[in-house]
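There are structures below to look over.
Both of the next two complexes hold chain A, though its partner changes from chain B to chain C.
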Partner chain A sequence: MNLGEGVQVVSLIVLAAMLTASAMGVVLLPSIVYAAFLLGACFISVAGLYLLLNADFVAAAQVLIYVGAVNVLILFAIMLVNKRQPYQPIKLGIVRNIVTAIVCVGLFVLLSVTVTTTEWGVRPIASVPSTMVKLGQHFFTDYLLPFELASVLLLVALIGAIILARREMLPDIQPSGLGMSENLELLERPKEKASI
Partner chain B sequence: MTLDAFLIIAASLFCIGIYGLITSRNAVRVLMSVELMLNAVNLNLLAFSDFLDSSNLRGQVFAVFVITVAAAEAAVGLAIVLSIYRSRDTVDMEQFNLLRW
Partner chain C sequence: MGGIDLQRSLVEVLTGAGLSSGAAKAIWMPLPMILIVLVVTVGALVCTWLERKISAAAQQRIGPEYAGPFGILIPVADVAKLVIKQGTPPAKSDPLLYTLGPAIVFISVFLCFLVVPFGQNLLISNIGTGIFFVIAISSIAPIGLLMAGYASNNKYSLLGGLRAAAQSISYEIPLALAALAIAMMSNSLSTIDIVSQQADYGLLSWNILRQPIGFVIFVIAALAECERLPFDLPEAEEELVAGYQTEYTGMRFALFYGGSYANLVLAGMLVSILYLGGWELPFPIDQVGDMLGIAPSTAWWQIITAMLGITAILLKTYFFVFTAILLRWSVPRVRIDQLLDLGWKFLLPIGLFNLLLTAALKLALPSWFGG
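After this line comes the complex of A and B, so read on.
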């Protein structure tokens, strides 16, 4: 990417601040709707970081798939599952949160120390004429089998999500001797609470 | 603009995701935390791809596959949350003891 060094550093700092703030908001905000919108901001700032890393195709895919599909899916799920209930306090809940925070901060310190003390052997960045051409060559030559398996995976996920989210069919009603028009309806069981 | 800066940003995102995964009570928020962690992994892959393997770009190929799997995971996970909400009438993670004991 043809940006000056100073511009890259400033945009890296701005994007990192946006990313950390919105990720903390996703985890810590009490309102789940605000958390979902902040998740979108988080995804967009990650896409900006991808652009800084010379990955324009992956940045576009990130905006399209994460912001356009996953975030909208999460918002729909929040609207479908929107039950405002006060959570019953569990015993030792505060202790659990504190212990988790300590473990996470410790893990972050450990990872940071490891990152800064390791010699990575950074090579000078070779200028690829177009990342999209390179990615297409990879996808259709040496990564062809995973590329095709990804389509099967998406099909399986599609069918599985439909089967899981649909209500079950009524097993006891057997329309025998009826016309085709009744058979084409999707039989659904009305909502009932299962025994807990 | 070094590799360390990107790796530390990804590490912080991953740790925030772990914290949300363990402490949140809402099942949808747990899925959002998983997405945060997958984004951190993608950021790592792209940083290594740019700084160590910039002529071959294999990390970007892998990141595209991770994005695909994350999209499938989000769809199936939200369908499971919806199905549990239908039968249990709650999304509180503390009351999901189906597979616990």
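After this line comes the complex of A and C, so read on.
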């Protein structure tokens, strides 16, 4: 075993341990903030696993999208919610936990049996000079339709975000009386009808 | 331009001295990492000194002058003070997250320097994802900021952390769109390829001439990502005391402080790599070598070009840093709603338009826009 292989084995063990531990933490910890931070660690370990499989572009995309956007948004939402209410233990909480644990262990056993008994067509990881070129070729040949559909979907979402952000609100109409009104919606300025 | 290959030379020397090639590579591996950490730290320290001197000049003061010539030892005094200062976490803070937050910010900034080249072979690793890697890794930093803001158990910190996260995710998109237009022109995401594509005609082939809109978008978004004025909302003194760093002192504060200046240096390096030709001089140095009749493989010529290249990229980087500092001391801060408006309503549509324009020009004029 040379230096590179040793580093790979050690990184695989470390990443797998990190992934399992952080995923368990996400599920088991009672503090939602800790769970959200551990979710980030979980995503990063998955990115590391992609990197070990020579999928560098997928790894970077995983970090950018899941850690940089999804996880930050989850954290953002958690920290913006300011709901202080005492934690009420659920009725029959322990029974629920036991049932959940049984189901999870059963799934785990089932999956491990499947993984160990299936004949995997293991191939050595071929080192491609540039994974991005390969990805691009796939996108424009055999995965053309999903790629185009996804791109149209993303474009629609992007333009929709811009249009939502460009709505003009009417902040100057105050509800009568100084007390907070129940209706917290902002009034939107009516659009001019197709004035071209 | 072949450039000098330090790794091969050192490995050859070590194997010549009787070591196996594996051991020689193991000895080589930590060297560039240590070197880059040192270089970036020194670069960040220089930035703090520049900040003091330029702010003084902008306000017609002298600035630091007693600590060493031109007060150049002030950053050393800063670091010494921060290192020996006692860390005082708030009583009701979350001790684990409180320490982890600054570490994440610092590490994510320093990791980005993995792909920043100082010359043809003078970088740690030329990975294919290059500039995309930088954008991906720098998107981790807001998690550290949110962590610090939450763990400090202070309303100003939490608001600062939230603002930092909002600002960073909204300005990441225009930044990525501007970089994407460059990648489209260079047919690669690798930082090396992006620079070598700008190498042919010196100043005339720099991307700033082909991508003026992208350059403006990138500079604005980079300033916002660095949380520099006019976009330093997360640490706006008048509103939020110091934002997410309110409760930090000592070494943990030093991580934030150093990280923010390292981020500024990183932004400057990215601007110079993407738009100002990286380590290329304003005139094509290879052709000068040809005219003087020097073979490109001559050792002393290679060393001279490498030196000139490092000087060039540092000059470009510090020009950006100088502009950022000058901006900080001359323009007022924007409001948070204006900041988000600028990002979502102005930069994002312009960035999309720029991408479309680049694609159209690439198809229409392939010889100029990297067909």
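Criterion: the second predicted complex is superposed on the first by the 144 of 196 C-alpha atoms of A that agree within 3 Å, B and C clash if a C-alpha of one lies under 4 Å from a C-alpha of the other, contacts with A are read in each partner's own complex, and residues count from 1 in each chain.
The criterion applied here is as follows: a residue touches a chain if its C-beta (ideal position, glycine included) is under 8 Å from a C-beta of that chain, and two chains touch if they have at least 3 such contacts.
On a predicted model such as this, the values are computed, not experimentally measured, just so you know.
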Broader residue contact with chain A after superposition on the shared chain, chain B or chain C: B
Partner chain in contact with A:158 - chain B first, chain C second, else both or neither: both
First, second, both or neither for A:63, with chain B first and chain C second: second
Which of chain B and chain C A:72 touches, first, second, both or neither: second
Chain B versus chain C as contact partner of A:131, first or second or both or neither: both
First (chain B), second (chain C), both or neither touched by A:80: both
Which superposed partner A:33 touches (first chain B, second chain C, both, neither): second
Doubly contacted chain A residues - partners chain C and chain B: 57, 61, 69, 73, 76, 80, 131, 158, 161-162, 165
Chain A - residues contacting chain C, complex: 2-3, 33, 37, 40, 44, 56-57, 60-61, 63-64, 67-69, 71-73, 75-76, 79-80, 130-132, 158, 161-162, 165-166
Of all residues in chain A, those that touch chain B in their complex: 5, 8-9, 12, 16, 19-20, 23-24, 26-27, 32, 35-36, 39, 42-43, 46, 49-50, 52-55, 57-58, 61-62, 65-66, 69-70, 73-74, 76-78, 80-81, 83, 85, 87-88, 90, 96-97, 100-101, 103-105, 107-108, 111-112, 115-116, 120-123, 125-126, 128, 131, 134-135, 138-139, 143, 146, 150, 153-154, 156-158, 160-162, 164-165, 167, 191, 193-194, 196
Of chain C, residues touching chain A in the complex: 22, 25-26, 97, 127-129, 132-133, 135-137, 139-140, 142-143, 146-147, 149-150, 158, 161-162, 165-166, 168-169, 172, 189, 341, 344-345, 348-349, 352
Chain B residues within the chain A interface of the complex: 1-9, 11-20, 22-29, 31-33, 35-36, 39, 42-43, 46-47, 49-52, 54-58, 60-61, 63-65, 67-76, 78-83, 85-92, 94
